[in-house]
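First up is the structure itself, then whatever we jot down about it.
The first chain written gets the first letter, and so on, giving A, B and C; residue counts start at 1 in each chain.
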Amino acid sequence: MSALAPPRTASTAATGSPSEPAPVRSGITVPAWVWAIPPVVLLALAVLYPLGSVISESFTGPDGGFSTRPYVDVLSSTRFRTALTTTVLIAVGSTVGCLVLGLVLALIIAFVPFPGSGSAGRFIDTYLSFPSFLITLALLFVYGTVGMANGMWTDLTGADSGPFTFLSTPWGVILAEVTFFTPFVLRPLLAAFAQIDTAQLEAASSLGARPARVVRSVILPEALPALVAGGALVLVLCLNEFAIVLFTGAKDVVTLPMLVYSSAILEADYTTACVVATINATLSIGLYLLYRSLTSRLGAPTDGGRRARP
Amino acid sequence: MGIRLDGVSVSYGGTTVLDSLDLTVEPGEFTALLGPSGSGKTTALRTVAGFVRPDSGRVHLGGRDVTDLPPYDRGVGMVVQSYALFPHMRVERNVAFGLRAQGVPRNEVASRVTEALEMTGMGSYARRYPRELSGGQQQRVAISRALAIRPKVLLLDEPLSALDARLRAEMTDELARLHRELPDLTVLHVTHDQGEALTLADRVAVLDRARLREYDTPRALYDRPRTAFTAGFVGSANLLPARLEGDRVRVCGLELPVSPEDLPAGTADGAGLQVCLRPHRIVLGPAEHTLRGTVTDLSWRGSVHHLTVDVDGRSVTVELAGHRTPPGPGGAVELGFDRDDAVLIPVGEEP
Amino acid sequence: MLVHDRLTRRAIQALFALLFLPLFALPLGVIVAASFSTGWSGALPSGPTLDNYAVAFGPQTLEALRVSVVTALVASVCALVIGTWAALSAASMGPKGRRIMDALFMLPVAVPTVVVGLALLVAFSRPPVLLNGTHTIVFLAHTVLVTAFAYQSVSAALTRLDPVYGQVAASLGARPARTLFLVRLPLLLPSLGAATGLCFALSMGELSATMMLYPPDWTPLPVRIFAATDRGALFTGSAFAVVLMATTLLVMFALSLVRTRAGHR
């Protein structure tokens, strides 16, 4: 019963009937939204105004007036189109990788536990507090042209160079993104698995269901909201990822954020940068809104992101 | 300071949780709000505390309309089921919290804290943190904290339901003692436990499905329930279908004489009624009125036997104390009761 | 337990090790190992040395570390204040108001970090407010980026906080401000500590927006790491990265001590 009752302090909207004596009031009660004004004003100045500036800059023609010309130019350039394709392919590929890997790891940690599996989960958690580019840096030592894998290959075969050259291709970016973003799938999954009643699993097993069947018919339906939400979040984060791509140093892997950076900083072409930024942001915000509505509809925890541990 | 609720209604998202509640608690009175979960009793208490604003109706404390007053200006003490002791404060600071909030002079606070803790026998625990106390001790501190501000009204929201049976009995005695020692304190106690309500309260308000069903002394509710709901919820009851025929009531082949004041208001001649018989008021063997039936079930509950008897196709429960050899299933029995133990109740839910 | 067969269980555990070790354990180990080496063209790094750390603790890198720590401290404190304020006011609103607040304050998570950097650069390179080339614009960018996470952490903690504490405090006569400062905020302290740690860590590792707008006299450590690796000094870069990780972990560890102390009382 008490769960039904949200805390509500007396509001100023009194509906006293005229026959009643004047109700006692204490001081002036301020409506809740008034307290939200200071942080919202700060947000408007530091986020909304700058984003507005980007949009207005993106519609500025060479003469300084309003123009859709920059969009026509950017959309028709092969550079942009290639970047868009690369970005989407890398993001989708990384997301699929994260989902598969996250699901497998979460299933093992939750249902086939072994000594140390819990700390492995916590270890993956600490990834969330490290910058993404460290992964690329590490991969340079492992699979880079002078790294561990190629070094072993040349030592063994006597060849001049090793076969591992994928690091400067989109595959290298995907590998790094899968490594870095898998925790974002793993955490909501582990949280969802923790909700599954072990009695339910034992009941299914005692009825003769094989493990694969238990996974399919009991565990996966429970995990689906977390999986969908985690996947959507990772897709947004992959679309936005910049540092990983920057660190691979590959000239031919240009994603949208990379294009924004090079247009603005290396070429000082702010209008083009703003056009690409607007398109990239629209894409990400759209997906993010989808993620929010999915999490609220599926009832998944909306804390799939870098939320603090309770 | 008395409490008066005038037509208080509360609804959340289209569901009415409290439907036009009228309730008056006299100054110094201990009133229990009794009902099953979802009956609206906690909501009623929360309108008095000020956490829920009624959609319509007014709340008065001591003759003053406090409907628009925020909780912190109402001066009512409150004790909740989860104790809600502030975990980061020692016991003494928990108890001092309300005193400081109300601006009690510094040099007075310490003595008031000691006094409040002594009242519940927790004087020697002042330096502890809540997590170092047992559930019962925490609840005593919570009561001290509420009493420290010397409220005129104390609200108890299922304060004993988190305790085990033994502690609950102990705390029930404790609350009864506090009520005796603080005769000016008006208490509103929400509970779903009829034993608690009957033991502690001067008057019991029975709520069911957002409505007040009955409001009377425990004795009257128990002996002369006016609704089938109260009869079944406060104690257990056999409800037998009956019919009014002139100055008699016909029930299971018996005829009981009735006087007009026994009848629920507005019962027309020939109308259906129910006869409420408490299981422990029925005796084996003939009495003023006697039903005949066959035993269908017998169970032993320690101090008493429960006998289920089929009377004209109706099942009647009888509670027998001190019978060494009660009749077993299949045996024919006579069930006797006095006219005074049969209470007439209308067929519908409404009083 | 789902799998009872011993052999299958071993196989599954082997699979876990096979996935886990190369993907997650290896990268961090590799960076630490590389930071003590001069070359890596075989199975193991070669040329053990401390020279990389001599560079890492040289004046230029130490200055970058100082810049990073100061930026992270300023950003996480500002983010904590603004995020907590926003989360508290959102919690006192109706569901509709809360949705609007959520959408507003989570916006920087959805927008690409590079775009946040570009937006601040474009907006504050022209009147009325000129911040381009100042330290302030770096503080501003980091604060914008981590406030979302502070808001999210505190909001989540607030929904977990039992409202009964605030209600009991109010019934004892405490006005909202007293309830906030003496009851609700102390109860939130562990979550606030966690949120601060998270914001600090994120700010310490922030590179994307920083690359867009850092002035030459305010170069955070991640930018130095990138500069080192970009010119091929991978091993020196690793030493920088180890210093960065160690500092981050140290501060988070200190904050977690505060947290457990607060939580234990």
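The rule is short, and it goes like this: a residue touches a chain if its C-beta (ideal position, glycine included) is under 8 Å from a C-beta of that chain, and two chains touch if they have at least 3 such contacts.
Bear in mind that the values here come from a model prediction, so they are computed numbers and not experimental data.
**Student:** For this structure, I'd like the pair of chains sharing the most C-beta contacts.
**Tutor:** Counting C-beta pairs in contact per chain pair, the top pair is A-C.
**Student:** Average the CA atoms of each chain to get its centre, and name the chain whose centre is farthest from that of subunit A.
**Tutor:** B
**Student:** Where the CA atoms of subunit A average out and where those of subunit C average out, how many Å apart are those spots?
**Tutor:** 15
**Student:** On a C-alpha centroid basis, what's the spacing between subunit A and subunit B, in Å?
**Tutor:** That pair's centroid distance is 54 Å.
**Student:** Identify all positions of subunit A at which a residue touches two or more other chains, and write them in rising order.
**Tutor:** Within subunit A, residues 7, 9 contact more than one other chain.
**Student:** Provide the list of subunit B residues touching at least two other chains, using ranges where the numbers run on.
**Tutor:** As it turns out, subunit B has residues touching two or more other chains at 50-51, 70-71, 73.
**Student:** Would you mind listing the residues of subunit C that make contact with two or more other chains?
**Tutor:** Residues 167, 170, 176 of subunit C each touch two or more of the other chains.
**Student:** Looking at the complex, which residues from subunit B come into contact with subunit C?
**Tutor:** For subunit B paired with subunit C, touching residues are 49-51, 70-78, 80, 82, 84, 86-88, 97-98, 101-102, 129, 145-146, 149, 155.
**Student:** Mind pulling up the subunit A residues that touch subunit C in the complex?
**Tutor:** Residue positions touching the partner: 7, 9, 32-33, 35-36, 38-40, 42-43, 46-47, 49-54, 57, 101, 104-105, 108-109, 111-114, 117, 120, 123-124, 127, 129-135, 137-142, 144, 146-148, 150-152, 154-155, 178-179, 182, 201, 205, 211, 214-215, 236, 239-240, 242-243, 246-247, 249, 256-257, 260-261, 264-265, 270, 273-274, 277, 280-281, 284-285, 287-289, 292, 303, 305-310.
**Student:** Going by the contact rule set out above, which residues of subunit C touch subunit B in the complex?
**Tutor:** 162, 164-165, 167-176, 178-179, 182-183, 186-187, 189, 262, 265
**Student:** Under the definition above, what is the set of subunit C residues touching subunit A in their complex?
**Tutor:** These residues of subunit C touch subunit A: 1-3, 9, 12-13, 15-16, 19-20, 23-28, 30-31, 34, 39-45, 82, 85-86, 88-90, 92-94, 97, 101-116, 118-124, 126, 140, 143-144, 147, 149, 152-153, 156-157, 160, 163, 166-167, 170, 176, 191, 194-195, 197-198, 201-202, 204-208, 211-212, 222, 225-226, 229-230, 234, 237-238, 241, 244-245, 248-249, 252.
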